[in-house]
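These are the structures in question, set out in turn.
You will see two complexes here that share subunit A, one where it goes with subunit B and one where it goes with subunit C.
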Partner chain A sequence: MMKKNTDVLVIGAGLSGLMAAAKAVAQHKKVLLVAKGMGALGLSSGCIDLWGYQINQPDKVCTNPLAEIAKLVSHKPEHPYAKVADVLPESIDFFLQICHQNKISYLNTNRNWQLPTALGTLRPTYLVPQSMAVPDLAEVKELLVVGFQALKDFYPDVLITNLQKNTPLGAHCHLKTLMVKLANQELNANTLAHLLEKQAMLEQVISQIKPHVLPGMVVLFPPVLGEQLGHEVTEVLSEKLGCSVYEVANIPPALPGQRLQKALLHHLKTQGVEVIIGCQVTDAQITEKRCQGVVANSNGKIMEISAQTMVLATGSFLGGGLTSQSNEIKEAVFGLPVKVCPGKWSRQDFLSLAGQPFHEFGVAVNDQLQPLDDQGQVLLENVLITGANLAGCNYPIEKCGNGVALASGYKAGKLVGEAGR
Partner chain B sequence: MAAEKAQVVVIGGGATGTGILRDLALRGISAILVEQGDLAHGTSSRFHGLLHSGARYAVKDKEAARECLEENMILRRIAPNCVENTGGLFVQLPEDNAEYADQWLAACAESGIPTEELDPRELRRNTPVLHHRVTRAFIVPDCAVDGFRVLWSNVNSARRYGARLYTYHSLTGIQQSNGKVTGVELTNQLTGERKYIECEMIINSTGAWGGAVAALAGIELNIIKDKGTLVAYNHRLTNQVVNRLRPPGDGDIFVPHGTITIFGTTSVTVNDAACTKPGHGEVLDLIKIGQEMIPDLENYRLIRAFAGVRPLYQAGNTAGGRSVTRNFALVDHQERDGLQGFISIVGGKFTTFRLMAEKTVDLAAKRLDVTAPCRTAEESLTSPVSEQWLERGKRVFGIPGAKKAADRLGDSFQRVVEEAEKNPDQRKIFCECEVVSLAEIVHVAGDGDSFTLGDIRRKTRMGMGTCQGTFCSYRTLGALSGYSQFAGNHREYLTKFLQKRWKGIRPVLWGQQLREAQLSSAIYCSLFGMERML
Partner chain C sequence: MTQENRLALDNCIKCSICVSHCPVAKVTERFAGPKQNGPDLERFRLEEPAAVHPSIGYCSNCKNCDVACPSGVSISAMNAKAKGEYVTLHGAPLRDKILARVEQMGKASRLAPSLVNRLGRIKPLRVLGEAMMGVSSEMTMPTYAKKTFLEMFQPKKITASKDKVLYFQGCYVNYNTPEVGMALAAVLAYHDIELTVEPFNCCGLPLIANGFLDVAREYAQKNVSKLQQYIEQGYRIITTCPSCNLTLRREYQELFDLDTSQFNEQMMDAFEFLNLLDQRGELKVELQELPKRVGYHQPCHLKAAGCGIPSLETLRHIPGLEVRDLDAGCCGLSGSYGFKKEKYPISQEIGQNISRAVQELAVDQVISECGMCQLQVHHVTGAKVYHPIQLLAEAYHLA
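Up next, the complex of A and B:
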């Protein structure tokens, strides 16, 4: 059996695990990150949502999410933001700094953006990759939406139809759509993104779009403009077409989230974090409210890992941090109690504005992110919980998934970095 | 405007009504079938899909058992591509009454149902998912049947003889004069428009709705509505139909259909024929009972739950009701209530739909002075897709895609393959779970019988698989956004699609289904903000 020893063990490679590892290593800890697979970041838009709507008027977008979160903290103290609000601004700065170091550009305007999606809705979000930073649509005079015949996941007509209903466009705004034809066979988003990095292919795209371009035009694409890091497909397109080019959020697979994921993993490796993907933690040894170590199955090999502190960043049901049977829900690694709404896991209305209750299920924690039992007693002193594994957050409705993951991951990394000093 | 005319108007597009339409048409009687929703809107798509061998009824009702066996054999012959010849098992557990097995064996023999005892050791080898404690096991000629396909085949066959179909039309009035039926008033469920048809006869084959339809003629007809809940597993748990060898009860039948298994059922009396909400509690009860036969049941992935309403006929105070058999009843309202030209057929099973239709049309023909005999047992219902076309299909849709499409499309398969051959863009697979191509979706959208998104969903089965419609709902919105009747309002289109799936998923929301639901909810709310979409 392989044995490993480290200062900090991070379990999970979603945004919260990646942030925890980055912050812990920045404080000179020896960090090991293990994960069964990659997290939800790669499925997400790639934008970091902080908080979308006003607490008192949940149908109105909030412009300043930091101010709204301050209200939330007193309004709903069991919300994960209440545990991490103290570090929220610095966690954002830290994130932007890493992005900058790794040449991946995120924009922060200190207020919510309202970005168009492939469905033609607008989504409020806070930190935005440069390639998605569509300017205020009310100011745009010419809008062109480009799809690819080979890609079955993006329909310019759908986007345009609903955009007109969902946002006030300028009175003289012209909307157009265009389907680019590249190959006969079907291409998925990743293959297409890979192909678009090839100059000859990009030239084909440009030649089909160019005749339709007008001065001052804004061109929207599906999120497939380049697969690898540093390939600035968007910039080349923009320059050669002579107009602004953007990607919009779409169903997975979508590249912006995947690019951020790769950039963060790359960052961890350059900082000396050991990362093992394909490694599932299956068991934990616990004595006296401390976890001594865990057992993991790494692609069939059994490993024993001991660590001073651990960050549990295993996500919710989707990530694998929570598992369920017909009548019970478990936290998968330590068997921690999960806060649920008994008898009410879901709502009749799939798209209910109140959200599906199961998203809120998770582990209750104190300000130190330590897990608590239902009496409020700390269960494990050296295990910190982050991200979607935390109880009390309904990110799909509140628009705060990556924001909670970012801030809680950062805080856990900071706390474990300070430990033992 | 001159009203449309037909000799007979058949109400109810279930197994019974479509069977009657075909029988009428084959005897040369002009007929129109009226259905308030899509075909199979009622119980005929909300059932187990077991083509009974009769063994289940042998002890209690030998006549019903014999009818089942006979009809089972006929349907295999006339509609081979609607029936999967799985064979069936009856298994007994130690806690079941051992004597019942002998009683059952004797009853099967008496009804002519072939049985063959299987050594439990051999059963454990062949079907290891079943409990190792099984004491006795028997093979019977049960099959799995695709209800939806049978119904459409009935209608297509009838249309070849001039019969007509109105879906999304509800019978809202019955016209009579001097104690004689003269016509019907229909209301288009999508537009609210009224339509009148002159006819000599109305056949009420509306299953659980039979009482409500008879009431339109001022006649009382007692039908007990008995709801049964079923669940679908994402596995072929067993290769044969499995029945528990004990007096019929809850949770005692597993029916494999292709790659899935349908398990059920329960029995609860309800007031409303449209009450098809499956209960979470019922599902949990079912699984508990099912575990007695398949101990590992809880670890298999459920896809959805659904429910149907059995129409059970109660002769009771309706003294004139002439019971054809204890299994189903043919009510001649001319004799019973003095209304000429009105017949109701109630009760029965899916398996015996053809026989029920035959008896009904025998009576109708007599009243209409038609002497042509029934031919529905002789003439083929469908013809299987030829090898040559299947090969061509495989080249455009891949092997599993072509097979599934051929099964679903039947006679139209050829046209869809041709379209995809000409237009490579249409080969894209839109629903990966059920392998549905763009060509098929476009074909169904334009087939003249599709009026709603649900119609397209049912015919293509898109959105029925494990992804819960998450991906294909959005893709088909793109593909159909040019058809205003299906996707005029995009928000409504998606909401309906997702909500329909959700109704079936909610009662089985745990394990993999909960993970999948979290993904789906994150995509539509977190990514697309659909909960606030205008």
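Up next, the complex of A and C:
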């Protein structure tokens, strides 16, 4: 049987696992990251939501999510933010610094953005990639929404029709749409993004848009402007068109989330983290309250990994961190108890505004992120829990998914980095 | 449809993560992608084999989809089976029949390897080959060695050998880069470990990738029965080619239902074995200083094996050596895939990531475990490309 030994083992390659590994290696730990597959980050918009709405008036968008989270912590102490609020600002700085180092820039204005989506709604979010940082639409005089005939799932007309209903646009704002025609019949988002990195293709696109551009115009595109990191398709477009160009959030697959995922993975590799994807942790060896090591299955081969500390960043149902069997829900690797809510687990109306209760399921932790039993006793001392695996948050309605993953991953990385000093 | 089949299909949550990680779908719209050709169409194929979509021929069998899938769906195996069905139903061009028979090509070239090499460099002939057979005239042909590995290797009896090790050398090392096998033999002998070799059949991967599953199954059965004999005698089996390794351990089981459990644990990459020695304190770590900077390219099938990058762990012992991971993903060649006229542009487009990374890191040497990756990395960058075991042998003064 193959054996591996490391200081820190991170299980999961979602945003929380990537952050934990990045922070741990920054503190000179030997870090191994294993994951069964890729996480939700590549499906997300690429924006980091912190907190969307006001605690006291949940139908109103909040401008300062940090202040709202401060209120939340006293109002709902079982929320994951209550365990990581102490490191929230520094975790954001650390994230921005890594992004900068890896040539993808994120903007932080210390307040929520309200970004238009492909459906013409506005979405509160906190850290946004530069390519998505659409300015306040109330100030915009000329708006052009560009789609591609070959790309399904992005309809400029839908976007502007809904936008007019949802957004206080300037009184004299003109909205226009345009469909770019390419030789290709049908393209998926990734293929189109790859094509748009070719200069000749970009010229074609520019030549079709250019005649419609007016001074001061803002042009919105689907999130497909380039595939690689550092490829400044957006910049070239805005320079050649002579106006501001942005990508808007759309249903997956969207490139900004994938670009971030790729940049963070690349960062880990250059920092010396060993990354193994396609490796599922199946079992754990536990004595007393410590985990000595885990057993993993890599494409049919068994591997034993021992580590001083472990970060469990396996996500919830999507990633496979939580599994449900008939009426029982368990954390999949250590068999930790999962905190469920009393009563119904789901609502009939899938998109109910009150949110689906099952999103709140997860592992309860103390403020060292160690897992707890229902009496509040620590179950495992050297295992820290992060991200969507944590109990008590309902990310789709609270708008906090990547924010919780970022801050909890950072905190776990910081704690394991300090351990044994 | 059996219950098991249904379960495997229902594991797919339609998240499309596989599509965004498929190097082929990224550069061409001619391929419907892993989700559609894999779990989506498998549902129909299980009821009606003729439902196989012709674009299945564009799957390069790189397995990036399997690695990325969060739900553990064996997409590439579904695709390989579908390709087999397609070839059974519609036949395959002569070109594919030739390209897939790597073992026979190797054997045939024995008559006059240098002549074959020279022919491979004559442009007008290559143009003819493209026009008549559909073999790209642009792609660099692998060169055949003067002597095969099995001819060169002199078995040495090592009394009190520390381990019983059988080497599955694979066609590429045997016919094209015997120096890789020789480097391995030297490194092991230096550690007082006797290396046993055996004329195996081709692992069958080129056949599988071209849809000739029946021939591949025959090879598989022969190889498995030989391997099992060695396992029974307490041998470990080591490989230097990640694709052979994965095919023997996984494809035989997934595609042909052969029981590989007996040798699954005992079969490992040469560097996994060396790292095992290291863990037992038996790896000699007095190595010559090699003050150079080389790039490293991880072959997709090594990534798919999920064992990390064992060579980088061993090479860390070499003083002065700086190895930089290109982290550029698939090289695009995928064995015979990039030699096909209609796929050559796809394979070159995928390979652009490699040239970009080599440029950025400003390295003029690259190491990589897979012979085909070596060929492609050289083809797209002009860099000197070789196997990491050769670097280790050099640091032991054995080269």
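One rule holds in what follows: the second predicted complex is superposed on the first by the 418 of 421 C-alpha atoms of A that agree within 3 Å, B and C clash if a C-alpha of one lies under 4 Å from a C-alpha of the other, contacts with A are read in each partner's own complex, and residues count from 1 in each chain.
Convention: a residue touches a chain if its C-beta (ideal position, glycine included) is under 8 Å from a C-beta of that chain, and two chains touch if they have at least 3 such contacts.
All values derive from a computational prediction rather than experimental measurement.
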Room on subunit A for both subunit B and subunit C (clash or fit): fit
Touched partner set for A:161, first subunit B, second subunit C, both or neither: first
Partner chain in contact with A:43 - subunit B first, subunit C second, else both or neither: both
Touched partner set for A:142, first subunit B, second subunit C, both or neither: neither
Contacts of A:318 with subunit B and subunit C, given as first, second, both or neither: both
First, second, both or neither for A:1, with subunit B first and subunit C second: second
Subunit B versus subunit C, judged by how many residues of subunit A each one touches: B
Which of subunit B and subunit C A:59 touches, first, second, both or neither: first
Touching partner for A:186 - first (subunit B), second (subunit C), both, neither: both
Touched partner set for A:331, first subunit B, second subunit C, both or neither: neither
Touched partner set for A:301, first subunit B, second subunit C, both or neither: second
Minimum C-alpha separation between subunit B and subunit C after superposing on chain A, in Å: 5
Subunit B and subunit C contact sites that coincide on subunit A, given as residue numbers: 43, 184-186, 252, 318
Footprint of subunit A on subunit B - complex, ascending: 284, 287, 298, 424-425, 427-430, 438, 470-471, 474-475, 477-478, 481-482, 490-491, 495, 498-499, 502, 506, 509-511, 514-515, 517-519, 521-534
Sites on subunit A touched by subunit B in the complex: 40, 43-45, 49, 52-53, 59, 117-123, 149, 152-155, 157-158, 161-162, 165-166, 184-186, 249-252, 316-318, 323-327, 345-346, 348-353, 355-356, 358-359, 395-397, 399, 401
Partner subunit C, residues of subunit A touching it in the complex: 1-4, 32, 36-39, 42-43, 184-191, 194, 227-228, 252-253, 258, 265-266, 269-270, 274-280, 298-303, 318-320
In the complex with subunit A, residue positions of subunit C that touch it: 13, 15-17, 19-21, 25-29, 33, 66-72, 246, 249-250, 253, 260, 264-265, 268, 272, 276, 279, 303-309, 325, 327, 353
